[in-house]
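The following pair of complexes shares a single chain, chain A, combined with chain B in the former and chain C in the latter.
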Partner chain A sequence: MFSLDTTLLAQMETPWAIILPVIVIGLSLVWLLPRGGKGLSRLSQILALALIWGSLFSLTGLGHIAVTDVLFGVFSTGAILGGICMITSRNSAYSALWFAIVTLSVCGLFLLRSAPFLSAATVIVYAGAIIVTFLFVLMLAQQEGTAGYDATSSSPLLTTVFGMVLFGSLILGISSWPKISISAASPATSAAGTEVAKAPAAQGHRYFTSAETEQANAWSRHPEGEVGSLHGLGRSLFGDYLFAVEFAGTLLLVACIGAIAMAPRRSQGTL
Partner chain B sequence: MNPLISTLITIGVVLGGVLGGCSYLIWLERKVAAWMQDRVGPNRVGKFGLLQPIADGMKFLLKEDVIPSHVNKVLFLLAPTISVMTTMLALAVVPIGPTTTDSTSWQAMIAPGIDIGIVFIFAVTSLAVYGIILGGWASNNKYSALGSLRASAQVVSYEIPLGMSILGIALLSGSLNLETILQRQAEGGIGSWNIWFQPLAAMIFFTSALAESNRLPFDLPECEQELVGGYHTEYSALKFGMFFLAEYTHVITVSFLMAIMFFGGWNFPWIATPDSHYAGAWIVKFAVLHTKVLACITFVMLLRWTLPRFRFDQLMGLAWKVFIPLSLCNVVCTMFVRQFSLSWWWLLPVSLALVIITGLISMTPSPKRAASPLQH
Partner chain C sequence: MTELDKYLIVGAALFVLGAIGFLTRRNLIVMMLSAEMMLHGVGINLVAFNYEHQHNQGQSFTIMILTVAACEAGLALVLILSLYKRRKTLDVDVWGELGEAKPLCDVRLERRATVVEPQEEEFSVDPRLTPAGRLPQFNKQESVTRV
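And then the complex of A and B:
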């Protein structure tokens, strides 16, 4: 089902199959990034985006087509091209809207990985509140069109080179992962309920088996069929990751109180 | 039946029902308005003006489609589309009739068995604000921009009490799935409707949902006296019609949610219980649900001509200083009852006590406010 993420990448022998698309993407990005002046024509913009998309396509090497593959293609294309449009757009309001597209596409990917609650929560928090606040600020600040310093990217060549080095090494790293078959990757409890292989444990990474976590914490026991459901998520958040969740909550509360303390009072003249 | 075909049929039924329903809700709204203001209301087209919605629809379609020259054309056209799309998408997980757990038979909802149910609705409707913001911004007009600025602050604020108010129901039902929530109430009969245990949550949910759909008394984004038409000042013909359609669809969705989450859905003593299997029981259940929904919609319309519009600082104060603390208290009380296995009926007096305490706090004059009468 998810043949495109690891298996086909692992079959690639030569690193040139990775390096070449990465270079093409980088060149297209430099071409696209706004640098003052008149800017690119619509046709060359579309051409550059098509080049990027084609390179990414060659990186994934789409195999047999299933509905989930098509959806994966749609969402990942939306996320990547939306992200590129976000950093290359000359208008900040359009950038915020492309950011919304990126968030929605990533939420679609979450859905495909059977994490519906995470997906819905991300839509509510990011697309529904945070980007709305971005737009709010942008519209207050820039009703007369964008300022010159907002419409240019400050050092397009350097940022693209660094970004592409990071991207290439990431792809190389992922492609060197061992081939994971879905049956081993999905947590399936055996009849005795002893051993669960959640992830590639053979690679030297240490993952807890369910028997071990059960000793530590009875709450993290996952009944059959609960993985990906709301009950499973809640059990995991408030069982496996209780301290992390509580710590993050406390941190946010402290940040909230700090923000209120720093904000000027009405009697001091602002707001 | 092929699930694809049955789903397509359901989508057609829901879409047709909502479009027809919306146009007749507008007729109902005008009749209610006329009745409350001692007028006659629409009475020229057809008997009691019953053909008026069709005439209005034709007018929306045939009027000249004006796009002002100073607007951002892409976003200007995108805005009403987003409004309609998001509100329609929210209807996908609302059961419009009795559903069964039997997966082979036809279900009266587009997407049955969504585990996150109500959270999906919140997620999708939280995107509806983009329609308003983009509409106001793309219009390139001060009134529209002011309207959309108000809307973004209002909708983002009221999402918080809206989401918090249903946490109590999630705790009581052990699920966020609308079918499961309905099923629990239907099995217990009228005594187990959530309204008895979560009256405070019902009030907060209903009020916040009204604010989300920009209905009076929360219609600050489009108030005529101050902002001409707010975010839709520059819109005409079918584009304005789409904003209108989105608002009424939102009201329909909210009314369905009220009926399903708080008033037992299709359940009614004696005539519509899980045990009633007489001929036509499905129709009766369907009718009971839709009567409850219609009652809720009528209540929304009566409210419109009863309450004056809020001032903007009052609006923000209501969300942040009243509803959010109240809904938090409600969640804590519900957790208490669940944790210590107390009788759920404790929640009724506790909710009433919370409302009374809030009222007493708000009536106590604050010394700061009394000192400087200009700073409200």
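And then the complex of A and C:
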């Protein structure tokens, strides 16, 4: 892990520590995306994925090993590699299955951030409903297997350059953000996440003062400080966000009616 | 790099991968799956900040995202099905032009069509009269033999 304490060293090292892995990830993605002709061999696919994984590992900079770090590594690797395999797969049914891997890994990350109800809901909604219906439509419409338009992608180089510029600027923003707020706020609030998690209200916070978070949406703050429990989530949803919940229910109803109204009629002929 | 930053980086990576997939892939269903992956990235961001602030707002927002994603998936599947019913393919490049098959948008073609007189080779044997009503049906050989 590179330290951000010495400002000169940080200014010297941080851009290349971000730019180089981002370039490597972009080149590997261009290599993996379908461009007509025969696909890559299994060995070169594994090589490109290993390049991307190593670059991401150097970006996240996992230092000391703990159980949560190992779990985070497993889930984040599963999410990102599953995502890469999803957008580079030449068979669209495999894309849907890779998306299931991404969803399960994201649910693992939710669990690590103490969101068990959200994790279960995401598994049910995404893996249980959305992926199944997508696969259903896919197998209804593409019964002959791999189609020609799955083997080529439209302007892979330009899009990957765009994506990597976006990714690099996001990471630059993320890594430079705490430095800005530490210099702006008091030095006592520059603690790591674990200390903030222990006593958030007493110690104040890096990004907001405690008075601001106390004032805004008081029902969302659990009195015992236990976050993500069903009790606290219910208080938040039906206390602060009651109108939003009602509106979401209305939105589901409207979407349901719209889907039934727009669906192809049986009298007009089936697929 | 703190715990929060790791989650933010994973969320950013998922968002960017979803954006790349949405822009490059040509299958309609894979495009919709990529959009769902972008929503996953946003959800990771919200949950990470939720844990960081010890406040339940982030998870409430993620549940709203889940609701909207379910609505979006249902409506997108209906639209994809009705698009598939028209052209029998899931390729998005088929729908590149949204107008009619051959639009008459070229001005030069229209001007040429107004200027150039139609060559009346077929009916040159007939006397030139002002047309009144529809032309009588006849074939060419009979008229030639008549003259």
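One rule holds in what follows: the second predicted complex is superposed on the first by the 205 of 271 C-alpha atoms of A that agree within 3 Å, B and C clash if a C-alpha of one lies under 4 Å from a C-alpha of the other, contacts with A are read in each partner's own complex, and residues count from 1 in each chain.
Quick note on the criterion: contacts are C-beta pairs under 8 Å (C-beta built on N, C-alpha and C of every residue); 3 or more make two chains touch, one makes a residue touch a chain.
Everything numeric here is computed off the predicted structure, so don't read it as measured data.
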> Is the number of chain A residues in contact higher for chain B or for chain C?
Replying inline: C
>> Taking the superposition on A as described, I'd like to know which of chain B and chain C A:A48 touches: first, second, both or neither.
In response: neither
> In the superposed arrangement, does A:T133 touch chain B (first), chain C (second), both or neither?
Replying inline: both
> After superposition on the shared chain, which partner residues are touched by A:V24: those of chain B (first), chain C (second), both, or neither?
Replying inline: neither
> Thinking of the overlay built on chain A, is A:L252 touched by chain B (first), by chain C (second), by both, or by neither?
Replying inline: second
> Between chain B (first) and chain C (second), which does A:A121 come into contact with in this model arrangement: first, second, both, or neither?
Replying inline: both
> Between chain B (first) and chain C (second), which does A:L230 come into contact with in this model arrangement: first, second, both, or neither?
Replying inline: first
> Does the superposition put A:C85 against chain B (first), chain C (second), both, or neither?
Replying inline: neither
> Which chain A residues contact chain B in one complex and chain C in the other?
Replying inline: 117, 121, 129, 133
>> Residue numbers of chain C touching chain A in their complex, please.
In response: 1-10, 12-21, 23-27, 29-30, 32-34, 36-37, 40, 43-44, 47-48, 50-57, 59-60, 62-64, 66-75, 77-82, 84-85, 89-93
> How about chain A: which of its residues touch chain C in the complex?
Replying inline: 1, 29, 33, 56, 59-61, 72, 76, 79-80, 83-84, 86-87, 92, 95-96, 99, 102-103, 106, 109-110, 113-115, 117-118, 121-122, 125-126, 129-130, 133-134, 137-138, 141-142, 147, 149-150, 152-156, 159-160, 162-164, 166-167, 170-171, 174-175, 178, 192-194, 196-197, 200-201, 205, 207-208, 213, 217, 220-222, 225, 227-228, 232-233, 235-237, 240-241, 244, 248, 251-252, 254-256, 258-259, 262-264, 268-269, 271
> Contact residues on chain B for chain A in the complex?
Replying inline: 75, 114-116, 119-120, 122-124, 126-127, 129-130, 133-134, 137, 145, 148-149, 152-153, 155-156, 159, 163, 175-176, 375
> Which residues, counting only chain A, touch chain B once they are in their complex?
Replying inline: 93, 97, 100, 116-117, 119-121, 123-124, 127-129, 132-133, 135-136, 139-140, 143, 229-230, 266
